[in-house]
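Okay, got some structures for you below.
Look at the two complexes coming up: chain A is in both, with chain B in one and chain C in the other.
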Partner chain A sequence: MSRHLPAFLIMTPMLGAFLSPLAVMLGRTARNAVLVLFSLATLVISLGIVSATMGGNVLVYVMGGESYTLTMPSGMAYPVRIMFEIDGFNALMILCVAAATFAGALFSVAYMDRFSGWKRYMSLYFMMATGALGMCATGDLFNFFVFVEVSSIASFGLVAFWRDKPEAIEASFKYMLVSQIAAMLLLIALGALYGKYNALNMAAIASMARGGTLDKIVLALFVIVLAFKCGAFPMHTWMPDAYAEAPAGVTCLLVTVSQASFYGLIRICFSIFPGVGGAVVPWILIVLGCASMFFGVMMAVVQHEIKRLMGYHSISQVGYMLMAMGVGLLAAGGAEGVYGFKAMTGGIFHMVNYSVYKALLFLCAGALYYATGTRDLDRMGGLVRSMPWTAGMFVIAAAAISGLPPFNGFISKWMIYESSFAVHPALTAIAMITSVLTLASFAKVFQAAFLGPAKAALSGVREVPCAMLAGMAALTLFILLLTLFPSWFTSRLFDNAAHALLNHQGYVSAVMGGV
Partner chain B sequence: MWTQLNSGAGYWNVFVWLLFFAGMSCLVLWLRSFGRHDYMRNTLQDDIYWSGNEVPEDGAKISVPASASYWGFRVAAAPVYAFLDRLHNGSASDYAGYFVVTAALIGALVLAGGR
Partner chain C sequence: MRPMSVVVTKVCDIFAWFMVVFGALIINNGHNTPGGGFQGGAVVATFLSFLLAAYGSRRVFAWVRENIFGFMACFGPLSFFVFGCLGFPHSFFFNSIAVPEGGQPISDWLPYAGTISLMDLSVGCGVVGALSMIILLMYKSIHMVETGEGMGGERGHDRFER
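For the complex of A and B:
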């Protein structure tokens, strides 16, 4: 049974997507049960996968066969089967996506209750989760493309969920336009790879890729497309609009969809084309990271629309991860190998932190919108008295994202600062300035929304329903666990994930058998 | 140990930090105990002083809006914000253009790189 976990991981949310319209027709209880139970089942399966990949194990699952190859009557074997390959790194990503899916589903039960359109909301929600989980689990580049498209198309629909709002339609259109250009580039890259290697299996290509012009073109296309998808500057412009206009439960999941793209980018650079492009690729990641960090936070500081502000912070946080992974890619194989490994561990730690605290921040923003009917901070104030639970959880998430000790955000940033300093002190300086501006920005949000005298227009505001608080509490608990036991998570999960990334030969041989 | 993380150059232990925080809190409370004890709650001493004017009942009239925060920072960094405002002009064709230009630049750099 446990060896089928990768298949169940994809099947469960997909089944949820197809059952959703039926459940909505059966009534409110059936609808809520399907939404929560299918996302909970996905989370449980992801925990099983994480447990199975501990200690450096790699899960390989072939759909409809034992071997990833299909042997023709002539004796030629083609690696054409649909395959999942999960090591410590993608297992962690899968856990993040599943946790956000569950938290977003819990939150949506109450948050979306007063709106219609549940059939398409739930179906698209589960399809987006399926796409993101598939991106993280697949061992085949064409399937990766298919899952990117599944999650993208679902997210276009969900960003424009409130069709009566022109801003939502516009945000979805902009995202769709640039996304489709990116998808075409991805398809060109896949065509080029298939033309050269006669394969699209990740491990098969990793075993054959030796550099050269075509490999470099393909690598560049992957870097561009996936950097765009995860919101790197200057290709980030879709992100604040999309994050601001999507319903809060969806934004929580959108965060992890962008992380799934980040996963793809890192997998391509470390496991499939390691060393291709020389030092240029790591430096591209570092430069994109620094620019995203700095310009993202500069835009965030001056925003007064809460979800838009958080959307810009997402760009800034992605910058930390890009820089850390760039440093890891640059330094891991050289004399600074220890710092390279530390940068990767810090980057992976930050990726998990980001998925959790950013999802929580978006849920808090959703709770504020639910209670006050506005996303404009200028119209909020004094809400700590009427929404103490939301305020408390917001403070924890804001302190974590700002890198305040002792929260988990501080720990991952500390690891990134130390390791990036070994490459160049300027990188650390940019990261620290970004952190200070992040703190300034969230201090503003807290002051504007929760502190100050009570406003007459908000006199009827009450705390949000328990289901919404439960979604936020699940993520808060995760933050506190990461804060209190960083060493447990690092030694068992993050180091394991960094080792898996660096073990290029292990990734190849898990499928190819010691090629 | 589950709580201590070594970086190679130092270590982080959340409980050491919490212990330090608790110690500093005790120190602050001890210093505070030297303060005056004749303060009375729910008297005139509690009232807001607003330049001698009557304080409006609606808090909205005495709040600093979020959009006014960090005004000085924004003025000081005006050239950066002028650039960023031009970049975020809301035009979908411009956004597609940024993507294409960045793609061309990255493609050229990777092709010019080694291996």
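For the complex of A and C:
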């Protein structure tokens, strides 16, 4: 049964999406049960996958066949099957997506209760989760493209869910425009690869790629497209709008969808084209990372609208991960290998942290919007008395994202500071300045929303319903576990993930059988 | 959209059905020839476009029921999922009908292409339903903009009922 886990991972949310219209017709209880149980089942399956990939195991699953190749009567074997390949790195990403899906679903039960349109909401929500999980699990580049499209199309609909708001339509249209340009470039890159190698299987291409001119062009296209999709500066323009206008449960999942694109970028740089482009590719990642970090936080500081502010912080946090992975790619193969490995472990740790605390922050922002009916910080104040649970969980998430000790954000950022210093002290300086500005920005949010005298207009505000608190509590628990047991997570999961990324030969041979 | 001349409606009466038959052929032969559920489904969905163009939106809206297309869009993916599950314990999507364990087909009446053929039918059903819904909704919005009927009176998921 356990060998089918990768298939169950995709099947579960997909079945949830197909059953949603029927569940909504059956009534409120059936609807809520399907939303929560299917997302919980996805989370349980993802935990099973993480457990199965511990210790360097690689799960390979071929859809519809025994082997990844299709053997023709002539004896020719074509690598055409739909295939999943999951090692320690993508298992972690899958866990993040599944956790966000579950938390967002719990939150949505109460948050979306007063709206109609549940058939569409639930179907698209599960399809978005399916797309993001597929992006993380697939071992085939064309299927990666298909899953990118599945998650993108679902998210266009969900960003524009409140379609009477012109801002929501504009955000969705902007996101669609950027995504479709990116998708076309991705398709061109895939066409070029298929033309050259007659294959789109990731391991097959990794075994054949030698770093020729076409490989470099394709790699450049991949970097541009996936940097677009993960919201790196200067290709970030869609991100604050889309994050701000989507319902909070959706934004929670959108964070991990953009992380799935980040996963794709890192997988391609490390496992498919390792060493292609020399030091240029790592330095591009480092420069993109520094620019995203600094400009993202600078734009966040001046915002007055809570979800837009958090959207700009997302750009800044993606910058940390890009820089860490760039340092890892630059240093891993050279004399500074130990720093490279630490940078990668720190980057992976930060990726998990970001998925969890940013998702929680968006849920907190959703709770504030639910209770007050506004996202404008200037119209909030004194809410700590009426919303103590939301305030408490917001403080934990804000401390974690700002890198305050002893929270998990501090540990991952410290690993990134240490390793980036070995490459250039300026990188560490930029990262630390960004962290200080992040703290300043979240101190402003906390002061504006929760402290000070209560506003007369908000006198009737009460704490949000239990289901919403439960969604936030699930993510808070995850943050506290990462904070309390960082060594366990690092030694069992993050080091394993970094080793999996560096083990290019292992990634290839898991499918190709010792090429 | 207003109805077109009697020549157009008569031609539509004859040829719109051919599009359905042609689409069904593409769906049914997807495992042998270029085509399959998506392509065939898209061809079948043109049936509704023909009717709308020839007879006008008011008359067609009186004929068709949106719920039928909604049911098809829901039933198609669900049956696709069930056919995919027939592949277990080998793997999801494994063609256990065409390539059974003991080498013998399960039944003579099942298609020789196995689950591929059945999945083509499922995808075709889903695509016909979904594309027809899209076409209907697009015509509805054109009708709404042209006549002003139903504008501003919508109570959908965009209402923040506080």
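Here is the rule we go by: the second predicted complex is superposed on the first by the 515 of 515 C-alpha atoms of A that agree within 3 Å, B and C clash if a C-alpha of one lies under 4 Å from a C-alpha of the other, contacts with A are read in each partner's own complex, and residues count from 1 in each chain.
Definition applied: contacts are C-beta pairs under 8 Å (C-beta built on N, C-alpha and C of every residue); 3 or more make two chains touch, one makes a residue touch a chain.
If you're wondering where the values come from, they're calculated on a predicted model, not measured in any experiment.
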So, after the overlay on chain A, do chain B and chain C clash or fit? They fit
Q. So, does A:22 touch the first partner chain B, the second partner chain C, both, or neither?
A. second
Where does A:432 make contact in the superposed view: on chain B (first), on chain C (second), on both, or on neither?
neither
**Request:** In the overlay, answer first, second, both or neither for which of chain B and chain C A:382 touches.
**Result:** first
Between chain B and chain C, the one with more contact residues on chain A is chain B
So in the superposed three-chain picture, is A:299 touching just chain B, just chain C, both, or none of them (first/second/both/neither)? first
First (chain B), second (chain C), both or neither: which does A:490 touch?
first
Q) A:65 contacts which: chain B (first), chain C (second), both, neither? A) second
Rounded to whole Å, the nearest C-alpha atoms of chain B and chain C in the superposition sit apart by 22
Overlap of the chain B and chain C interfaces on chain A comprises residues none
Note: in the complex, chain A contacts chain B through residues 173-174, 177-178, 181-182, 185, 211, 213, 216-217, 219-221, 223-224, 227-228, 234-235, 237-238, 240, 275-281, 284, 295, 298-299, 301-302, 304, 338-339, 342, 377-378, 380-382, 405-406, 411, 414-415, 418, 440, 444-445, 447-448, 452-457, 483-488, 490
Given the complex, residues on chain B that touch chain A span 1-5, 7-10, 12, 14, 17-18, 21, 57-60, 62-67, 69-70, 73-74, 77, 80-81, 84, 87-88, 92, 95-96, 98-100, 102-103, 106-107, 109-115
Chain A residues touching chain C in their complex are 4, 7, 11, 14-15, 17-19, 21-22, 61-66, 82, 114-118, 120-121, 161-165, 373
Within the complex, chain A is touched by chain C residues 70, 74, 77-78, 81, 84-85, 87-95, 154-162
